[in-house]
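One structure below.
We just call them A, B, C and D in the order they show up, numbering each chain from 1.
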Amino acid sequence: MSSAASTDDRRYVLSLGCPDRTGIVARISAFLAEIGGWIVEAAYHADADTGWFFTRQAVRASSISLSLEEMRERFAEVAAELGPETEWTLTDTGERKRVVLLVSKEGHCLHDLLGRVAAGELQCDVAAVIGNHPDLERVTKRHGVDFHYVSFPKDPAERGPAFEQVRKLVDAHDPHAVVLARFMQVLPPELCEHWAGRAINIHHSFLPSFIGARPYHQAFARGVKLIGATCHYVTAELDAGPIIEQDVIRVDHTDEVADMVRQGRDIEKLVLARGLRWHLEDRVQVHGRKTVVFS
Amino acid sequence: MSSAASTDDRRYVLSLGCPDRTGIVARISAFLAEIGGWIVEAAYHADADTGWFFTRQAVRASSISLSLEEMRERFAEVAAELGPETEWTLTDTGERKRVVLLVSKEGHCLHDLLGRVAAGELQCDVAAVIGNHPDLERVTKRHGVDFHYVSFPKDPAERGPAFEQVRKLVDAHDPHAVVLARFMQVLPPELCEHWAGRAINIHHSFLPSFIGARPYHQAFARGVKLIGATCHYVTAELDAGPIIEQDVIRVDHTDEVADMVRQGRDIEKLVLARGLRWHLEDRVQVHGRKTVVFS
Amino acid sequence: MSSAASTDDRRYVLSLGCPDRTGIVARISAFLAEIGGWIVEAAYHADADTGWFFTRQAVRASSISLSLEEMRERFAEVAAELGPETEWTLTDTGERKRVVLLVSKEGHCLHDLLGRVAAGELQCDVAAVIGNHPDLERVTKRHGVDFHYVSFPKDPAERGPAFEQVRKLVDAHDPHAVVLARFMQVLPPELCEHWAGRAINIHHSFLPSFIGARPYHQAFARGVKLIGATCHYVTAELDAGPIIEQDVIRVDHTDEVADMVRQGRDIEKLVLARGLRWHLEDRVQVHGRKTVVFS
Amino acid sequence: MSSAASTDDRRYVLSLGCPDRTGIVARISAFLAEIGGWIVEAAYHADADTGWFFTRQAVRASSISLSLEEMRERFAEVAAELGPETEWTLTDTGERKRVVLLVSKEGHCLHDLLGRVAAGELQCDVAAVIGNHPDLERVTKRHGVDFHYVSFPKDPAERGPAFEQVRKLVDAHDPHAVVLARFMQVLPPELCEHWAGRAINIHHSFLPSFIGARPYHQAFARGVKLIGATCHYVTAELDAGPIIEQDVIRVDHTDEVADMVRQGRDIEKLVLARGLRWHLEDRVQVHGRKTVVFS
């Protein structure tokens, strides 16, 4: 896939979903042509199952004389023509996105993401890291990022205040993504709702296999020949949110649980990094329980 | 992996499983050295979880002056020393193996297996093909193989006689493998028991995801990003037998169910062919719900 | 990817390449909207390296009242506006495509392709099979396809008349694709030129590694850890034509050349089937030494 | 694969290569049984092409009453029986291994390896990092590791003293592995010779394709559909040393060189980490231009 990272160019990215009918592409592209927009990337998907149409178009910012705000105003009229169910966003790759990471004790995803941000691979700033254990404070601070430790009571029934504290710490940054980077805590439904479409989890199995706790132990017990990882949006139903990305790695009878844990980490890192990148580049559109990913 | 197919050489293959302790390798290899056995392939696995030891050794038949029967008699004494739980087989790659295929309407696995047998990739003869529909009779007969059509009543409760007929047709060949090549019928428990360790199924999902009917429809509904196939031994619990091999292929939002069916076929064919080949070469040992595969 | 095979619907497929500039998408989609075209699939690519624009659009035939010929005439005016370098085709998935296969002694690709055509996976007819050895006549005829044996002299300098005979046999069918399904003969430059964009080869290595003869032997000697296959258009320079598809499979130190040959066959079949399918569905556009594949 | 990391257990690891004949396994396992050795892992390979035999055996240290030195002395007699060409090592997983990393400006492999060592995934200490540019000093020191900057003259003919300085810095640690983690400098033949079997390079292509400089640019120009990475021992012939590990990732026409660079990094990191881990666990044996990897 092409990426903003691969050129110096700033782009305006239009994402849209609406009921399918003839003439949508013509209407949108006429609009873009009218304002002089040079299309760098364009992707379409007409979903036969749901009768829905999806598109993502990246236009060179320099080719358009309107401000982003003016462009949004003008496009709102086009969107209105496409019907009341139409959902769309128009974003600017020149705007730096903010991410907050929720972690626990396992640091491999955190280490990997911080490294990618430092290397310029992910176009975002890590605004803060919040841990329900203090273990990852040092590695976080080394990267010059704030770390907040929030203590979680053992009794799940008493965790309300802790989640409330997490919520405040996260919302202070109004982030584009809240990443559960092996957070190991199930978000309460109200937080799932509050961060809907922004909370991204990495689950260490190939969902829907091995939902819930200790998936590598479950995989070992079942004797599967591949283990996987799944990056998905968080919803109130555990590990059942729309899947953004998945991948697998081969294991065999010589692999004990500890070997699966070690090898699985490599897949978790890759799958989370890809999923987060696509999310931040507005390449992911959610429709019902599923995603359209214009990677 | 090396294979009997890759040389002209005939081999004796020893497979053994027993409780682990020191000295097993020494005892077995001393025996083989004693009778002059030239080891071409040797694989070992000490399972830390169950405390079980597994080995497979392939020896050049030409290096041994004993007959296979004599070698079995002599080795029985060694096995006895390794304890009463020891299970072992000693087979001859020069003995052509027999396979019976159970099919329904979908012919891709049948076509693929017949092609591989004809090309000498699978060291076996297809003794017969049995279908619960007559659709695949023509392609079977083209390959010079007998086809038996067994009509199955719509009501599952009345299928007993049909299964009894299948059993007789299969058992007439005393096959080394009974392959459910997209058979689409759930074997009754008594047949699972009767063919235990010989009945091999190909399930068109990455188990344990999407057990039962119409797995591609289930995968489509869940929005997974990879679809898979699983080759496993048949047991009484549906799609829960020991897994021999699995693999996956990437899908995305543009793939409708029909696309998944088409792409999935390629994975089903590969996974079944690999699993069957390893079974026929005595590379698979079952232990509890899991397999050791010396591929 | 979606496919004509996955619905009953007939489609008109527009493929176009031209120098990139603003307004191309708008112009084409305005045209399609004007004639009532319901777009089922649309893909675009703006190539930053060459400044070229590519698109493929599939429209429901039933949504358009024009005949294909009328539509072509009307679209020619649009294409003219996009500049003299514009190249385009407009095809009808309702038209059954014709394929001629060139083979030698190895039958796995032939067997696989005939099986896929019979199963309706590839939307084409195999018009004829031509072999420089008679070995594959039987399997070809079993599928009801004509087989022509053309004897090739040992001396490459004397093969002109044989190639001329092949050319006549092929051209009699005016095929959409001439597939070298492990043909093992290097086409003379004039045939490469004559069938440019239609002759498709499967090479049994991951090009550009291991060009020329006996690539598995080369791979074995080098000790690579993956072997591959490459499907590409044939050009006068050996194994250097535009690549349509590639894939690989893992090997290790236990794999002898014969094992690589056997495992490689599975990759050859998959890669050739995918490449041919994309070619027949007008998903491949060649630009210079490279391809754009709207899979 | 099982790993020392997956249990608390200390192991003695025997690696051996010798001309193949009958009785080798018996001789070695008799020796191990004699001294009470509990074999945890055992792997064998008889190479049909070269007539060579390879084995790796991991034994629980706690099961053996001899010291490692005594065990070596006793085993030397066994090895002598196997002939004068026999090569073997006997190592102790309780001995912490030392690694020196050579780097340039690209930090992804360095960041990845330091993270893995910190997480306990790689059983080694990074003794020092040496850069021909100062760019990676900060990230190195953050991990508490010494960084040495060695300035390299532009003229390759004048780099002798710089390489001499690198050699001294490396040899001061007598490391088990010298890792060229995207070092971007071709080692002079005398250093290749000096560190033979210990110097490990990561090359950012699927060798033997795209040897030398700027392999992603070469891959882009050729239009390949997969890009890869290769971990190999360094020898005097550029990018031609024995391959330890390779892997690939899919690319397509939308990927510009910058996208290949970004995606390729993920494969480079994985391939180098796997290759280095197998080297440090004595799982790799070199024979001629090839490796046997008991992973």
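Everything that follows uses one rule, which is that a residue touches a chain if its C-beta (ideal position, glycine included) is under 8 Å from a C-beta of that chain, and two chains touch if they have at least 3 such contacts.
Bear in mind that the values here come from a model prediction, so they are computed numbers and not experimental data.
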Between C-D and A-D, the pair joined by more C-beta contacts: C-D
Reference chain C; chain at largest CA-centroid distance: D
Gap in Å, rounded to a whole number, between the CA centres of chain D and chain A: 35
Euclidean distance of C-alpha centroids - chain C vs chain D, Å: 41
Residues within chain B bordering two or more other chains: 2, 7, 41, 48, 254, 256
Graph class of chain-chain contacts, one of line, ring, star, complete, other: complete
For the chain D and chain C complex, residues of the former touching the latter: 45, 47-49, 206-210, 220-226, 228, 242-248, 252-254, 256, 289-293
Chain D - residues contacting chain A, complex: 1-3, 5-7, 41, 107-108, 111-112, 115, 118-119, 121, 139, 142, 254-259, 262, 265-266, 270, 273
Touching residues on chain A, where the partner in the complex is chain C: 2, 7, 21-23, 25-27, 29-30, 32-33, 36-44, 46, 48, 63
